[in-house]
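After this come two complexes, each holding subunit A, first together with subunit B and then together with subunit C.
And then the complex of A and B:
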């Protein structure tokens, strides 16, 4: 399999949030009105205007240990995207895949998916719908940058080497090497999804410690067509290609 | 930094203490993580578990302000367990010097203390000299008055029990830290310290850093790759502004500001030029008269240096109690002066005891506020508690260009001077600071020309050739800072023409034949061009091993990347750490970095900026003692020192009107202030950046679940934080990352707040945490003690 892949090494993430801000800057996304709610994580969740979010989680272990875990979250750009399988049932133009990179791209036609919940589209609970237009949004792999030989904005801004991006084979090799190194300090280190996604995440601790949706089953058969999608396909308007 | 950013990767053990680099110097973590990948141990010593802590192998939690106790314990641990680098300590530090008979240390006080003046007579701390006037040394280190023995005795009181009781840190956590760091005392191992305002902003700020200098000298960590004492500067060009004499007590190039008692240049030079009788001591400051004359010449090109000296204003005293920041605002409050420039600053939020500062601003006749945004300083008159009708201060706001809109150099923490080109054009009619200063001075000169004045010469004779086509010219200024010949000169067999750039500071002269706006930058802009603009990554194989990159921009002094690098080799010029050599003597010459001091191996003592040439374990130069001693912050939760009857630094800068909470039940909790990644300083730029205010929208107060329970505070609740000086609201972050301490048997809670916010915007962001902090400070520098003070916290 060719195309591009991200490798996110959580053992190196310092939650500086350069990636979160760079994403908004490149995409000219507006800031959300937030409040300090007792956590450094802000915004509280992904949204139609927040594609990249660093999640913060404090875990007190038995025996007094304390872990403060960070997870820069974004679309995983699944190899066989379950969201596309669902969306195709509504409108084949809604979600497309970029051939060169493998990026999963949402278009304005996602407004056809308006009766769905994020988890019905995505096992990682990523995409979010604009309440006004009904269009769905998420990370686009900075496709405009990548097609012009640049790295995605989030990767460009990362000071520590937590965010990496490149040819899939290179990234998988780097991930293997990094996992081996990480295991010396974190014996339970593991890679969340590898084969099914284009965002490979190296976790120092069990993935669910970071965030319930960090790892998910994203294999080709994960999204058998829902009844809603089936219905949508049957009723969708005939379109000349 | 004695070293530089990339050099962090060479370290075997990185101590982060008094700093939170992952959050406040995020790019540093590029190199910290490289070191970690190569096997380095990362240690964080801090009151709080921060984003930095998450990447560290060892976390030692200490109460805010207890640093010298903890470091004193480390010094004792190194000495008790014989872990110091013996050859280095003997040959390169003053461990073998004999301290004079007048020196004593009793119960928290050094010899020479004047109880009335609250200051020391430092002559009591002098070394004993031999018949030639060279300090006596006992190479057996057994003389009871040799520095090693004096130091051993001094730190004998810093037992694990004492340190643990006062810092509130379990003994095993101290030992874990001590053991890991002391392991860098092996000749080929290097440990480094990354510190910031967590060390400086205390009434013992300078001594915090001195304590670490002792550790680094004992372990042989100075001058080596991956070592050094490294100040993480809080702004991209703070190093540059310090070099250029931004502070009251120094002129450009660390030349002490003249005092009134030295009326002539000759008197100044006599009092300020160190003399050594040791032929092996380079004693670099013996050159100060040349550098000062060249500086004077750069300012008054047509006058002799002695005349130019008479033009300079003189201080009544260079004591921090006379002209430093806190004193400035204290005097402003008393109405001592009428006008004030707030230039690129926001003192209404950044200064300690912010309400005092804001009130002081109301005593002015006029204020000029130069900034890229309107701020709480320029708008103080409409701030909380102010009645605009009652305020006479006239405020002029001059919006200025942003850094990226200007050409010029910045000097980073690693002393690296990098040239930057102008990006976008300044917005509207905003102007670069250089142009504002240029036009301002032109107007002043015009007025003097027209109307005369009390003393026009310094103004009218000033070398004001800093512009081209009526605009500030950064190249002209950079060339002047480097310096040039003021007349045709022949030195040895070489002749230099008037106007030729000086190649490096050894060529500067005391007779007025050279000028240089800042001797440490001499060599940066020469006949070879503007070296700060160099972007060449080539390096030798040896340089590549430690990432020296000598052709990338230019570092002061003379492009030396690691200061005191002569201490990285033995007396034959062989590197102590052969895998990470900084310099080496090969084939009859030095290779690697630019060697400190020159000459053959073993010919010179390595610490060339000290008079005697040795690293100063015992340092008689500071106003509050030759050895760091633990004192409580001026506001503290205890009324007794565990091992002396002097609770506080007896020489600390303080003001009669400033009340202090010591063991005061109204203010039971230790407070501290800090920054977060997402905001910068008083937040002027970052509060105006929507994506950053989205990430950290409001002032918060971090507190432990235990304290939250005591006060009935829930996570995310609004709380009131109050000190002797004022109160503010903040949003509570209740987190296990904050824990109470057991200090002298008592449970002591700690809280912390960021100081990035201000009342003017965003509307619900909160006000400055400096409303809480005390206007007291370090006696050497006058820096305020904003990192340890006492507060109360209640649910709003």
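And then the complex of A and C:
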């Protein structure tokens, strides 16, 4: 499998949020009204106009220690995207995949999916719907940049080397090397969802400590398929590929 | 704990169903996304330096070649030795410094005891500042201290900043301040 892949090394992330702002800047997405809730995580969640979000989590250990964990979240660009599987049942133009890079791209035809919830499309709870138009939005891998030889805005802006992007083989090699190095400091360090996604995340601690959806997991938060999505899929005419 | 492919497909209930009915038209044939043109293709590229902190990160500023000639994108300069293309959250937002309808376009003046800001011209502002610096300096200049030692200083003025100055600018600024007799000279990188 070729194409592009991100490698995110959480042991290097300082939560400066340069990636989050660089994403907004490149896509010219508007700011959101936010509230002070005692956390640096801001805004609180991804949205139709926030594709990249650095999540902050405080973990109190039994021994009295405190861990402050950061996770720059974005679409994982799954190798076989479940969202596309669902969307194809509604409109094949809604979600497309770029052959060159493997990027999963949402188009304006995603408005056909306006009755769905994020977790019905995505095991990582990523895409968000515009409440007015019903169109879905998420990270587009900065496909215009990547097709023109540039790195995605988030990767380019990262000062610490936590965000990396390149050919899949190179990134997997880098990930393996980084995991080995990380294990010296963090014996429980592990990689989340390597084979299935194009955003490989190296976690210093168990992935669920960072965020419940960091790693796709058959937890209670994954909603079962809706009746509507099921019917759409069943009643869809047979297509020859 | 790597998730196996089969487990992964089970994850979204949706995908589980997709597998079950896979033979009934489940089509993963990729649709090619057309290569997109970069908006920077029509832009003029200029280098600049971030004005915020004292690190001095290099920037690439893209301005529209046609029409308004305004900035359309600002990002880190990968060839700059200081930041090698990276930027922090504040630096990454610097496009908004220039392209912002809330931007203040003239110097603003608030008179002593006033609760209002009023727009002023640059000429008025620079002249007023110069006049006040001269007045305070003349009023507070002391040639000798309490012990009778020659000091030639003013204790009535202080300078704070600026991290965004380069070496040569700092030299000129420092010369001017010392010539005035300032002793309180501080730089925010130390604060």
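Quick note on the criterion: the second predicted complex is superposed on the first by the 220 of 241 C-alpha atoms of A that agree within 3 Å, B and C clash if a C-alpha of one lies under 4 Å from a C-alpha of the other, contacts with A are read in each partner's own complex, and residues count from 1 in each chain.
Note that contacts are C-beta pairs under 8 Å (C-beta built on N, C-alpha and C of every residue); 3 or more make two chains touch, one makes a residue touch a chain.
Note that the coordinates shown come from a computational prediction; the quantities given were computed from them, not determined experimentally.
Asker: Quick check on the superposed pair: does A:17 touch subunit B, subunit C, both, or neither? Answer first, second, both or neither.
Answerer: Both subunit B and subunit C are touched by A:17.
Asker: Mind working out whether A:25 is in touch with subunit B, subunit C, both or neither, as first, second, both or neither?
Answerer: In the superposed model, A:25 contacts both subunit B and subunit C.
Asker: Could you say whether A:34 touches subunit B, subunit C, both of them, or neither, answering first, second, both or neither?
Answerer: Once the two structures are laid over each other on A, A:34 reaches subunit B alone.
Asker: After superposition on the shared chain, which partner residues are touched by A:45: those of subunit B (first), subunit C (second), both, or neither?
Answerer: So A:45 meets neither subunit B nor subunit C here.
Asker: Touch test for A:159: subunit B only (first), subunit C only (second), both, or neither?
Answerer: Both partners, subunit B and subunit C.
Asker: Kindly classify A:176 by the partners it touches after superposition: subunit B alone (first), subunit C alone (second), both, or neither?
Answerer: neither
Asker: Could you figure out whether subunit B or subunit C reaches more residues of subunit A?
Answerer: C
Asker: Is A:144 touching anything from subunit B or subunit C once the two structures are fitted on A? First, second, both or neither.
Answerer: A:144: touches subunit C, not subunit B.
Asker: Looking at the overlay, what does A:103 touch: subunit B (first), subunit C (second), both, or neither?
Answerer: After superposition on chain A, A:103 lies in contact with subunit C alone.
Asker: Just to be sure I read the superposition right, which of the two partners does A:130 touch: subunit B = first, subunit C = second, or both, or neither?
Answerer: A:130 contacts neither subunit B nor subunit C.
Asker: So subunit A touches subunit B in one structure and subunit C in the other; where do those two contact lists coincide?
Answerer: Shared contact residues on subunit A: 16-18, 20-21, 24-25, 159-160.
Asker: Spell out the part of subunit B that touches subunit A in their complex, as residue ranges.
Answerer: 22-23, 26-27, 29-30, 33, 37, 49, 51-55, 57, 676-678, 690-700, 714-717, 731-737, 764
Asker: Sort out for me which residues of subunit C touch subunit A in the complex.
Answerer: 1-3, 5, 7-18, 21, 24-33, 35-41, 73-76, 78, 83, 85-93, 95-96
Asker: Mind listing the subunit A positions that touch subunit B in their complex?
Answerer: By the definition above, subunit A touches subunit B via 12, 14-18, 20-21, 24-25, 30-40, 42-43, 58, 60, 66-70, 159-161, 181, 185.
Asker: Sort out for me which residues of subunit A touch subunit C in the complex.
Answerer: Those in contact with subunit C are residues 16-22, 24-26, 80, 82, 84-86, 88, 92-93, 96-100, 103, 105, 119-123, 143-145, 147-148, 150-151, 153, 156-160, 190-191, 193-196, 215-218, 222-225, 229-230, 233-234, 236-239, 241.
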